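Shared between the two complexes below is chain A, which has chain B as its partner in the first and chain C in the second.
Presenting the complex of A and B:
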């Protein structure tokens, strides 16, 4: 196999990994603070894609311009879901909390299908499908602008979020609540407000990732669930659940691992790769590659 | 057996519900009604089987569909390729699914993994199996397996009419209900309750919690596999997308949660209520009903978790307690199926 083809596939994997990282960041943040596995996470990504589609088709707005608005909208929506359905269940057994997020996921898939129909749609942004060609290893490597932008913005946002966790008041509150919610409460931190913001930001990050990839992928109501949910689970487990930096690195690792797997085993076996990583991590690294939370 | 005992009462009530369903099915001239009742019975059977690990054991065995799908493929492959009787395949489906359950338990329980990992892992495994079967040429890949039924043959579980399947499905359901009843009364039932309510205290009292949880997972898995094996014979067509569908998976769990996952009768009642609702909605609105049904049952799942965390059966249990409290002496009341 030629070197340039291998480089092309690895780079595509890395670009995909950046988007995975952004999605997984939100999931790991919610888990770290609230100890809830959010099965509805991928639906917020799908919702972000559809909102970008509406903005593009109704108002002619570019998904990259409208992405901050989508982030804000889904933040509010996520916070509302948290307030109405998850906050009252925080004291219930864990299985009830998980089933509630599964219920939200089903509800959102149903609503998206009711509003936008079950068929495949895409944001038709012609220039985003053009490719950037680089001469390398005696061949040409082509990367589409849509994927390059998604990768760049995803990594930048994740870095900003990581900085905010360490240096802002709200971020430090989140870290405190994730270590010990009771002690955080005693220190005067409003934990229920932290939970609200965390869930909102987590959902918003997923929707932002959705808006960023909307020119590159065909969307349908179950897109997020099929392509991102289990991968995001694998990433947060790999990077230790609740560990923000772990989710970032785990996302890149899984993106490249999938690309290599697709190269060696054929594209049909691609989804198997991340799931095999899941099994291997559970067997040999049950606490993930990093230990601790939100460090 | 005394009706004043909550467990006995549930068994009797469960039998009555199943008999009524059989009566309606057998006397109905409509093939469609028979189909709906049989499917409802299968969903109820999986929900009840799940309640052994998911209810009594308090385990987050969220991906129950893996075992159902494996059972379906056991019968699909053995029946069409080797002509082995589905009656035998029910047993083999049980064994293969139970072995898978044993493997999952060994992988996940040995480090004392937290429940979150366990839940995600069981859901992940169902998708691993789906992709394996999508790529396995011998099992028909995405095309799936068709089972052709030409003439009545009891030994090969082949019937032109749908009614014998209805009776077999209800018999399976009855069998699983009786098994959960026996487990709740047995030592395993008490061990499971102890592990669910306080794992550490149970360990301190000498209960091997890993072994107890493994037993519950193996039983839930095996029984679901058996139902899956029957499902493939009944539906005559299976493919990976259908028998490993996460939507179906959560629909089965919803029956158990809505009805009450800690009881024998809960999963049965929950599923009996849900399946016909879906078909009525489909009848009223045609193909567009699917999206609305998703909204409906997603909302119902959230609402039932929030408002009825112990399910409909909780109300029946309260009624049962009040009703029999008048006649029974105090110490007997304390014994009346007090498993919380």
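Presenting the complex of A and C:
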């Protein structure tokens, strides 16, 4: 097999891994700190895509420009959901909180379908389809701008989150609440506020990811759930729940594993290869690549 | 002894008495007056459709077409051969095989339908046709494609839609015709299809029929459902460099596929031909915009076709459903008229009489001609005139370009890469 073909497939797999990592960021935060699986993660992602669509279609705004605004809006929305629905259940078994996130997911899918309809829609950003072309191993390798941006932002978020968890008061509070919420409370940390911020930022990051990948994909009300939720769970567990660097590495591992699997066994076998890698890693590192540590 | 100790089961008694009353009432209401009056008031026809679940959108689009046909026939005086009897459609759900079987039994036993139309999915149709056959109730299939529906020696089953295999046979013929006309060589073909029921059937049929058309299948590219990337397939297509790509998929995957075709700047030498509902869906064409310009899609009919009345039928349907009459709404609409014609000629609600009338069907005019040149059935109950046509997409509209007698536009072939 030619070298340039392998290089192209690997680089595309790497970029796809960046997209996966970006999608998994918000999920890993909530998972790591609050210890609950946010089943509504995919719907916050989908909501981010639709908000980007509205900004682009109604106001002519570039999705990449409005992405921070969407992040902020959905942060507030996520925090509101946490405050109204999850907080009252915090003293009850965690399964209750997870079931509440399933409820939020169902509600959001319904609302999105009500507002934007069930059909597929696309953000037609003209230059998102353009590619960066590199001469390599006697062939031309094309990488689309939309995916390069998603990849870059995934790395940036992982770096910022890594730093923030180590060096800011809120970050240290999150780590403390993650290790032992009761002890953290005794040390004067406002765990209830930490939970509020964690859920808000987690939802916001999902929407940010949605806005950033919107020009590279299409959207429908169940897009996040059908296309990214399972992969995001795999990445979060693979990279250690709550660890942003782990999510980045996990995303890249899955992206490249899928690319190699697709190349060797055919595209229909892609999910089998990536999930096999997942099982093998967990056999040796049951708590993920970072063995349970957040940083 | 114990037998006499048993208390009287009032519940069961009450049910029996009530049942008897209802039965007598039903006889009084429906049975006796028809003896007294000369003309029958109505006949029931069962329509098995997926009205909920995964295919609910298609099922409900078809339901609108059925209601439109029934209203038109009833408004025009009903079934003349049955003394002007009105058609009463009885809709039943056929989301899966089990439900289709149960509902077929119910339609026949409780509703007393004189014929059944359905059942959209091939699996549900294959099983429910056997039940109707056993009961001697004629069954018209205007929307399920599997070849075996009419290959099992059933005598009450009539199918007006093409077989799965025709997608491969007609698709290959179209590519050859277009290439011969344009004077360009055609040899190699690649497939790009989803790993689902329809995709796998398309794969099987093209692999079986391309060699006999003198074409080489260079690679059968299969992608999983809900793919997040098509890059590995496109990179392989670039290597294989086939003359034509035949493809099948769902609207979502087609959208992503065409975006990435543009990203990786790939387009086959001659053209891209899509088969099946995903490629025919107008929403897909709308979403793709310019990216789909030149794409050729294969289906049993398109509103922009050279057939008498096609545009008018589509407009009437659009007024009700607010979308084009595609996705088997067209074939089922025609099916109601084909069945009504047979009922008129049968002059009876007897299953065998209707079956014999369906078998002698030979329609070259009337409403079904918006789709078909001639409607008739072979000894297996298959309609030989059910062909597939090719339409080229331009700015979101699919206009028929093949075969010559149905075309409204000249085909562009080889197709330039959409930009």
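Here, the second predicted complex is superposed on the first by the 284 of 295 C-alpha atoms of A that agree within 3 Å, B and C clash if a C-alpha of one lies under 4 Å from a C-alpha of the other, contacts with A are read in each partner's own complex, and residues count from 1 in each chain.
Everything that follows uses one rule, which is that a residue touches a chain if its C-beta (ideal position, glycine included) is under 8 Å from a C-beta of that chain, and two chains touch if they have at least 3 such contacts.
For clarity, every value in this text was computed on a predicted model and none was experimentally measured.
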Ask   = Do chain B and chain C fit side by side on chain A after the overlay, or clash?
value = clash
Request  = Identify the partner contact of A:282: answer first if only chain B is touched, second if only chain C is, both if each is, neither if none is.
outcome  = first
Task = Could you tell me if A:124 is touching chain B, chain C, both of them or neither one (first, second, both, neither)?
result = second
Request  = With the two complexes superposed on chain A, say which partner A:114 touches: chain B (first), chain C (second), both, or neither.
outcome  = first
Request  = Check whether A:268 is in contact with chain B, with chain C, with both or with neither, and answer first, second, both or neither.
outcome  = both
Ask   = Per the overlay, which chain contacts more chain A residues, chain B or chain C?
value = B
Message = A:37 in the overlay: touching chain B, chain C, both, or neither? Say first, second, both or neither.
response = first
Query = Which parts of chain A are in contact with chain B and also with chain C?
reply = 118, 268, 271
Footprint of chain B on chain A - complex, ascending = 31, 35, 37, 85, 88-89, 92-96, 98-100, 102-111, 113-114, 118, 221, 225, 230, 233-234, 237, 241, 268-269, 271-272, 275-276, 278-279, 282-283, 286
Ask   = Tell me, which parts of chain A touch chain C in their complex?
value = 5, 8-9, 12, 16, 19, 118-122, 124, 129-131, 142, 144, 216-218, 220, 223, 226-228, 231, 258-259, 262-263, 266-268, 270-271
Chain C to chain A touching residues, read off their complex = 57, 195, 221-224, 226-233, 235, 239, 251-252, 255-256, 259-260, 262-265, 283-284, 287-289
Query = Any idea which chain B residues touch chain A in the complex?
reply = 54, 58, 60, 62, 107-108, 111, 113, 115-117, 119-121, 123-124, 127-128, 131-132, 134-135, 246-247, 250, 253, 257, 290-302, 305-306, 309
